[in-house]
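Input: a single structure, listed below in structure tokens.
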Amino acid sequence: MGMVGGGHGAFIGGIHRIAAAIDGEVELVCGAFSSDPAKSKAFGATLYLPENRVYDSFEEMIMKEKQLPEGERMDFVSIVTPNHVHFPPAKMALENGFPVLCDKPLAKTGLLFGLTHNYTGYPMVKEAREIVRSGQLGKIRKVMVEYPQGWLTTKLEGTGSKQADWRTDPKRSGAAGCMGDIGTHAENLAEYITGLQITELCADLTAFVEGRLLDDDGNLLLHFDNGAKGVLSASQICVGDENNLNIRVYGEIGGIEWRQEEPNTLIRKYLGRPKEILRPGVGNLSELAKAHIKVAPPGHPEGFLEAFSNIYRNFARTLRSTLKGETPNPLYADFPTVEDGVRGMAFIETVVEANQSPQKWYKFKT
Amino acid sequence: MGMVGGGHGAFIGGIHRIAAAIDGEVELVCGAFSSDPAKSKAFGATLYLPENRVYDSFEEMIMKEKQLPEGERMDFVSIVTPNHVHFPPAKMALENGFPVLCDKPLAKTGLLFGLTHNYTGYPMVKEAREIVRSGQLGKIRKVMVEYPQGWLTTKLEGTGSKQADWRTDPKRSGAAGCMGDIGTHAENLAEYITGLQITELCADLTAFVEGRLLDDDGNLLLHFDNGAKGVLSASQICVGDENNLNIRVYGEIGGIEWRQEEPNTLIRKYLGRPKEILRPGVGNLSELAKAHIKVAPPGHPEGFLEAFSNIYRNFARTLRSTLKGETPNPLYADFPTVEDGVRGMAFIETVVEANQSPQKWYKFKT
Amino acid sequence: MGMVGGGHGAFIGGIHRIAAAIDGEVELVCGAFSSDPAKSKAFGATLYLPENRVYDSFEEMIMKEKQLPEGERMDFVSIVTPNHVHFPPAKMALENGFPVLCDKPLAKTGLLFGLTHNYTGYPMVKEAREIVRSGQLGKIRKVMVEYPQGWLTTKLEGTGSKQADWRTDPKRSGAAGCMGDIGTHAENLAEYITGLQITELCADLTAFVEGRLLDDDGNLLLHFDNGAKGVLSASQICVGDENNLNIRVYGEIGGIEWRQEEPNTLIRKYLGRPKEILRPGVGNLSELAKAHIKVAPPGHPEGFLEAFSNIYRNFARTLRSTLKGETPNPLYADFPTVEDGVRGMAFIETVVEANQSPQKWYKFKT
Amino acid sequence: MGMVGGGHGAFIGGIHRIAAAIDGEVELVCGAFSSDPAKSKAFGATLYLPENRVYDSFEEMIMKEKQLPEGERMDFVSIVTPNHVHFPPAKMALENGFPVLCDKPLAKTGLLFGLTHNYTGYPMVKEAREIVRSGQLGKIRKVMVEYPQGWLTTKLEGTGSKQADWRTDPKRSGAAGCMGDIGTHAENLAEYITGLQITELCADLTAFVEGRLLDDDGNLLLHFDNGAKGVLSASQICVGDENNLNIRVYGEIGGIEWRQEEPNTLIRKYLGRPKEILRPGVGNLSELAKAHIKVAPPGHPEGFLEAFSNIYRNFARTLRSTLKGETPNPLYADFPTVEDGVRGMAFIETVVEANQSPQKWYKFKT
């Protein structure tokens, strides 16, 4: 793997590197870690990379790696830059034959494209999806999904926080702030677990912090394609909340609930019966969930990095199968792809327009 | 106190009697417990009431009690009938000089009128209100209030459940089902704690169960009079949920969260600080909260009946002060009144109309 | 009911009065609330008792009530005085034909004697007992029971706290402090739920606070009569803990856990299966549990007072049956009696002696 | 790093490899993965290791690696074999100049020896230690530490479970079963957090499962060197429990509690104040805790692998400093060493003998 971005001070780059390393199936072999060549070099050295594989720019990386023999050159590119500089390296990598793993989607090519919507990598999210898919809840009626954070409660942008700066800057983040940054994860989680698609929605976005240019809070009413209803609320001004992505799904006969901050617990409930606490390694979980558990004896908690590493591992295994001309194992072919990404972009666009509309319901753009 | 309704099989009547008894300040002295005189008599006997104080009808009760000497006759009437038969006894009682405690509001008279919106009787709800009122959270920005229940997940009406029958019958419940039955409690709780008023809302109501005549689920977007935004979701088809009324309030500097099913815990949170677990009897609670704690050593849980009894006690103390011509103590004058009830009725009407409107926002009717 | 003790400032008296009132089956008709006649009179007035039923002393109360006609005189005596003054009124009441409800036991007479070890009044404790009794856990192997409190972390005695004063005074509390005050409740709960008896134990008691005359902390190893092992830990210096009585029971095939501070939840667990969350009103609970639930729709929390009132109600119903010459209903005859109390006294004596013994195991005294 | 053991079916080997990989500071370069040379070769291939670095035996590995040039040869050996085959490879590695990371201790040499008592690698355990060390709790009075598991509830040994087989076999596990396997972790955690040492203890060990040769359950009373008292309970027959290692520490002014299954939460409590919920990334944590947090934005849960990787990372950093002749950074020099291991062995020996003693207290062997 080669990496674009993720140099000094960019926490997400470190997360990606750990996630890639965990399963021992992906090795970081080169990178262009900063738009400043000197910084890129210096940072690459801290990763113990050979000097000649730390590049001044992503263009140089793609061009030079392309000329290396197979087996030695990087097999794919991981792009971990801020939103506004995702597109050029992703496009160039794909055009030069390198599969891409990236936070944000592109138009399709024939190559493998993976999207690091990593909250779907948790074993108990996989289990939730299988519980719905296998009909254990009956027809889905109601979906409550939330993503409250509190870190933008005050005007952090302009105070030296790179994270806050680009996320609240329309030029770099696009038309939505909070909804683009985390609302998309909530949307993706809801559709992933239920297998349903949002068909129309009603939006109420707000920028609560004075002087903020993009929404830092939003509440949505949702209609799904099977008639289910829902609420999606995402916020970065929920003071005191950390990263409390959570979802509840109710069907005609049963329901489930899951919270990202305690990801190893999935509650399943039925009418007139005690709630059940599902946990990795306990009882009869689905094959899909079991294929994403890393730590064998139950009660050894897995966290965000393990979930994230599942994306990398699944991408790598599927890539390896594809390169060998084999059919990828469906248990591992389960990672977010360009379709999820395209849907995420459409979601952002829909929400921003719906927010401006005086009409209650606004069709999901496709 | 005299009681109208609440005979055999009407669980809410028993709840009221316990709540009234807990503080030893209210005594049940008479009642008309059923529209069937024989049933009323039989039921009154099980309560050890003297035969001549168990009446055949509320009309008889009001007329006969009125003729008894003060001190002996009932001091007020508690009405615990289903929604559609609230009005006549309440009106007649007030017209004949008896203060009324009731689940649903009436137009005003000069007499004391209490509303048993009992979830506001919990000590930690009182504390939440005082935390907001004293400015500990700063200006309120966001309110998330939910009331999910699961008991109407299937078509219970028509199967012998009196509770389900009247709640899903437009003739007896009015224009709203779930929103009228429990949505109003969520609305009341949100306005009580924040001291804010909803000014406009957007509604999406659904009757999920086939053949059901009234909504069993609803999601609302809310705008408050200070610019705060919110979501209110109430449902009776949230399979597996019991009575999970809960609220989160976020201000510019702090937030709180509370759940009715664990009512003795109130979480308070600030940016960049550990969350705090507030509990009755621990630390510096407000005078208002302390005046509503019944069990002295911390860690002895209080429940719904204690919260409910606070409504009765406060009503009784305020009534007693009023009868003596004294100014009621504001710590005890804190119970839901006709204004809350009128607002609850307006809420139901607003929600039902907003649901039918194609426009996103609908003004709160007043 | 007549009450001895429980006057101004004695919180436990108020708790008893509420608990007695909740079910509407017990009425407080007279009392001797203080050893100071004037204080007793004054306090009785605040309870709206007629002046001639508020007595100067328990002796006067017992003698005068005895002369009243049946139906008018008190039916039983509730004794809520500190430990060292339990004996004389209890003895005199029993000798004069009045059944007694009391915190501490007496030698037997033919009359009904109830012990307010109230933590066994919770519905989910009843359920736990039935789960064990019905064999759902298999043979019991291990019992972990704890009662940590923190209120005596500092030297509260001598600073004006009556509660702390008598509890830490050997003359008034007896040979044990913490173990007598709360350890006995833990012992009673463990034996009640499991149906087992402790046969020998190993004790390590400590008075951590300088100058304290009685133990404020103790840890015990337990052996039960079926071969089960256990640990009992009780403490009043567990700083920050409120009243965290809790128990876990493990059998050959299943286990349960319960915490007094969240009394409406009982966890049941089996090997290789998801844990279950048992709650009042949900699923198939035992008849015994159901007979002790007061609030009908699930999710309306019940608390300490409701549990306590179950003791009063059961005592009253059993007394009424007994007076009528009927066989008491076993569902209601389930309240702590003189046997539990005698066992509690033996427990205290055993623990104190075992603590002084250099031998590991000390036989439970009987 | 070279690895001894950890081949096919040995889950702990995989855990070690992930833990080593997470921080990108340790690379697996060779191994002897099985006592069966063919199995070792086959397994090494699945890890993408070059064939000539997968050895037939640990002897071969140590001898051949020793002859490789520095920089190319392994820098240290990680030993992940079952207990009874720890000693020979560890001894031989140390004698040949290779530092060792291992589950169980050895007699000292001049070389670095790390012990993978990995539960002390969690950030919030580090925070707990610093809270105690900095005096925030005052003098420690009471320590409650538990390690309940349920996986040996039935007779798993002899049914094909390698894990169960060696753990219940005195020849391979030593004189203690449960107490050796997990009791030592509880002991280590208690001493690590409090900085205290157990001076004497009282033990009650049991083999509950018929035919089991070693204890599967044990309860201990503890005395610490500052006068603190405690309880340690470890069990593998706590049916339904997963890996519920947990600890509570109470001092003269404050207390803390932590549970391994929700490792990102640390509760801190003081007399008469709300409990606080400490979390990674929130508020003012100690430098030590912050140096062990891997995922930057709060609310992204870290798990067991991250804690484990902290041991590897700290070992690697300290080794690197040592090799360079620099003073290791104390923030990273914080990992379990031979002293902890020696203490663990003494603990096992003490517990086994104490269990057989009729005397209550038994001195901790040193």
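Here the chain labels run A, B, C and D in written order, and each chain numbers its own residues starting at 1.
In this text, contacts are C-beta pairs under 8 Å (C-beta built on N, C-alpha and C of every residue); 3 or more make two chains touch, one makes a residue touch a chain.
Computed from a predicted model, the values in this text were never measured in an experiment.
A.B. asks: Work out which chains are contact partners of both subunit B and subunit D.
C.D. replies: Both-contact set = A, C.
A.B. asks: Pick the pair with more C-beta contacts: A-B or A-C?
C.D. replies: A-B
A.B. asks: Computing the C-alpha centre of each chain, which chain sits at the greatest distance from subunit A?
C.D. replies: In terms of C-alpha centroids, the chain at the greatest distance from subunit A is C.
A.B. asks: Centre to centre, by mean C-alpha position, how many angstrom separate subunit A and subunit D?
C.D. replies: Comparing mean C-alpha positions, subunit D is 33 Å from subunit A.
A.B. asks: Taking each chain's centre as the mean of its CA atoms, how far is subunit A from subunit B in angstrom?
C.D. replies: The computed centroid separation for subunit A versus subunit B comes out at 43 Å.
A.B. asks: State, to the nearest whole Å, the distance from the C-alpha centre of subunit A to the C-alpha centre of subunit C.
C.D. replies: 54
A.B. asks: Provide the list of subunit A residues touching at least two other chains, using ranges where the numbers run on.
C.D. replies: Counting only residues that touch two or more other chains, subunit A contributes 241, 273, 275, 279, 282.
A.B. asks: Which of the residues in subunit C come into contact with subunit A in the complex?
C.D. replies: Its residues touching subunit A are 268, 272-279, 282-283.
A.B. asks: For a test of understanding, state which residues of subunit D touch subunit A in their complex under the given definition.
C.D. replies: Within the complex, subunit D contacts subunit A at residues 11, 14-15, 17-18, 21-24, 28, 47-48, 149, 151, 241-244, 260-264, 279, 281-282, 294-306.
A.B. asks: Write out the stretch or stretches of subunit C touching subunit D in their complex.
C.D. replies: My answer: residues 141-142, 144, 146, 150, 153-154, 202, 204, 206, 208, 217, 219, 221, 229-231, 233, 235, 237-241, 248, 250-255, 269-271, 273, 275, 357-361.
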